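One chain, subunit A, links the two complexes that follow: it is found with subunit B in the first and with subunit C in the second.
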Partner chain A sequence: MVSALFNFVQDHGGGEESHGEALGADFIMHHINDHVLWEWHPFGFDLSITKHVFMMWIASAILILLFSTIFRKPKMIPSGLANFFEFIIAYLQDEVMKPYLGKDSRKYAPYLLTAFFFVLLCNLLGLVPGSATATGDISVTTGLALLTFLMVQGAGIKKNGVVGYFKGLIPPGLPVFILPIMIPVEFVGLFTKHIALAIRLFANMVAGHVVIFALLMIIFTFKSWAVGGITLAGLLFVSLLEILIALIQAYIFSILSSVFISMAVHQDH
Partner chain B sequence: MELLLPNLGTLFWTALTFVLLLLILKKTAWKPILDMLEEREQKIKESLEKADAAQKETEEALAKNQETMEQAKKEVQELLSKSRRLAEATKEEIVQKAEEEASKIVSKAKKDIALEREKAIEDLKSQAAELSIMIASKIIGKSLSADDHKEIIESSLKNMVEAN
Partner chain C sequence: MEHLGLAYLAAGIGAGIAVIGGAFGVSKCANAAMDGIARQPEAAGDIRGAMIITAAMIEGVALLGLVICFLLAVKA
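Up next is the complex of A and B:
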């Protein structure tokens, strides 16, 4: 991260005090924004492989390698890594799935587990110097939220039927004259919670990184050992906080997905 | 603002990556591990139930043992007291019988003695008569007829007995 900063400062003619502020903002945005690694435009669509896509692939590869190895032939008495991850899975089952989905939790467990671990690993990989945070990209979080949206609609329609599901979106027993208001409200509500899901994850991850890069910039703006020392302590603190936020956001994404699925399946409450 | 607008290409890759990851993990990781977690839960539940049942059984067996033991004790006590009573009764019977026998023997002996005595007296009587006749004839020097003798002796004996 630091060497990248040096290169960046040199590339952009750093050191001139007058450009300090603009340079800082540029530096931060440079690390938040995505970068195209490989241009590809089939049929006029922009399907370029970007750094964030690449990071997702790394996360996926790690997850597949890790979980396929330790969970391919699970033992009755687990040990080592399998034990550790089984504990996490059991915890998620008890806290994220069973309270909301009950008997259906087994059906939606693969989706929710994949979402949790994928988001968690993308969050954590973003803390590795030189990497990028895929979940700090609104395109990625929108993609994930879109999948949860499809999961929710699919679960609701599967359980209640097409007509039953869309009828159940509007609370029963409402006076007819309220319906013209309620139908658009519920229709918008169908999307807003998923949009919020995307923005929540994106904003949390970006905010942490903005703070980290801003603190880094302070060191190079002031060029003082004293300020550098204090900032370093702050950096360490924010980085540790980021690890916590990485866990919390992965947990929130999966628990909200679980709650949304449960709301679509059990429309009576 | 660029930061807040989703890039459709990245969105597409996100969805594709995630769906593929989900399908692969579902097959290679989630299914085996979720099955195992379920199986383990079942097994733990069964083991606990079994342990509970075993404990109950043991407790029952213990209670039964204790009951049997108590009953056996009671029976032994009963048997003991019964035999003690029997022994006491037998002892008393034997003693009584012995006493009876003893008294019977004593009374028989008394009777025999009395009879012997009577006989001896009778013998003595007849011998005394003959002896007295002999003496008398010797003294008188003349013999009396047998009938005379008898008469004399019987009258004197009668006197003797009465005097006695």
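Up next is the complex of A and C:
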């Protein structure tokens, strides 16, 4: 990461006095933006393979390989990696699924666990030098939130029926004159929850990376080795914080998905 | 140039205000959760789960403001 930064600064004439801060902003944007690896425009649609798509492929490949190898022959008493992942899954089942979904939790466990591990792995892969954070892209998080949206609507409609589900969105027993206000509010509320889900994950991942690069840029702003110590201490702290945030955001994504599903399934409270 | 400067100023001040709002919300939420845990330690697990969800909701609103400020700073 640092060597890439150094090359970038050299290539773009970082030695000049006036460019210090503008260059920093350029570099930060360069790292947050997506880059096209392979141009592909089938039928007029832009389906180019970008760096973030590639990182998602890597995350998916790691997940598929990992879980298909360690749980190929499930044992009563797991050992090694299987034990470790069984501990995480048991924790998620007790904390994320059971309290909200109750006995339905096994039905929605595949989606919630996949979302958790995929988001977690994308977040953590973003911290590897030379890689990109797939979840730091609004398109990726919107896609994930769209999946949750479909899961929520599907679960609600399956449980309550099409008419019952949309009727149940409005709390029962409201006076008629409030309905013109409540119907649009509840309809918008159907989408805002999921938009917030997408923006939360995106902003958390981007904010962490921006802070890391802003700290790195202190060196280039002051053009001195003396501030290196501050930068190093700050970077170490923020990087550790980033690992924590990667875990928390994955947890929050799955727990909120679980809560939204339970809200759609159990509409009476 | 002056307009550009104003946009940067707006982005900086806006980010600060968004963070103040978020900090206020999260601190109130954590305060109540700590009170609850101190009064009823056996409910710590449930309270913690509810606190994380609420904190995430509040944080989401603050981050929404930060994203707008970030766009303002970058696109200006």
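Convention: the second predicted complex is superposed on the first by the 269 of 269 C-alpha atoms of A that agree within 3 Å, B and C clash if a C-alpha of one lies under 4 Å from a C-alpha of the other, contacts with A are read in each partner's own complex, and residues count from 1 in each chain.
To be clear about the criterion, a contact is a pair of C-beta atoms (placed from the backbone, for glycine too) under 8 Å apart; a residue touches a chain by one contact, two chains touch by 3 or more.
As the structure is a prediction and not an experimental result, all values here were calculated from the model.
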| item | value |
| --- | --- |
| Fit or clash between subunit C and subunit B when superposed on subunit A | fit |
| Which of subunit B and subunit C A:R200 touches, first, second, both or neither | second |
| Which of subunit B and subunit C A:Y111 touches, first, second, both or neither | first |
| Which superposed partner A:T50 touches (first subunit B, second subunit C, both, neither) | first |
| Contacts of A:L256 with subunit B and subunit C, given as first, second, both or neither | second |
| Subunit B versus subunit C as contact partner of A:K103, first or second or both or neither | neither |
| Touched subunit A residues, subunit B compared with subunit C | B |
| Contacts of A:E95 with subunit B and subunit C, given as first, second, both or neither | second |
| Subunit B versus subunit C as contact partner of A:S60, first or second or both or neither | first |
| Minimum C-alpha separation between subunit B and subunit C after superposing on chain A, in Å | 5 |
| Contact residues of subunit A, present in both the subunit B and the subunit C interface | 29, 206 |
| Parts of subunit C lying in touch with subunit A, wherever the complex brings them together | 45-46, 49, 52-53, 56-57, 59-61, 63-64, 66-67, 70, 74 |
| Interfacial residue positions of subunit B with respect to subunit A in the complex | 2-15, 17-22, 24-26, 28-40, 43 |
| Parts of subunit A lying in touch with subunit C, wherever the complex brings them together | 25, 29, 95, 99, 196-197, 199-200, 202-204, 206-207, 210, 248, 251-252, 255-256, 259 |
| Residues of subunit A that touch subunit B when the two form their complex | 29, 32-34, 45-50, 52-53, 56-57, 60, 63-64, 67-68, 71-76, 86, 89-90, 93, 106, 109-111, 113-115, 118, 134, 137-140, 142-144, 146-147, 206 |
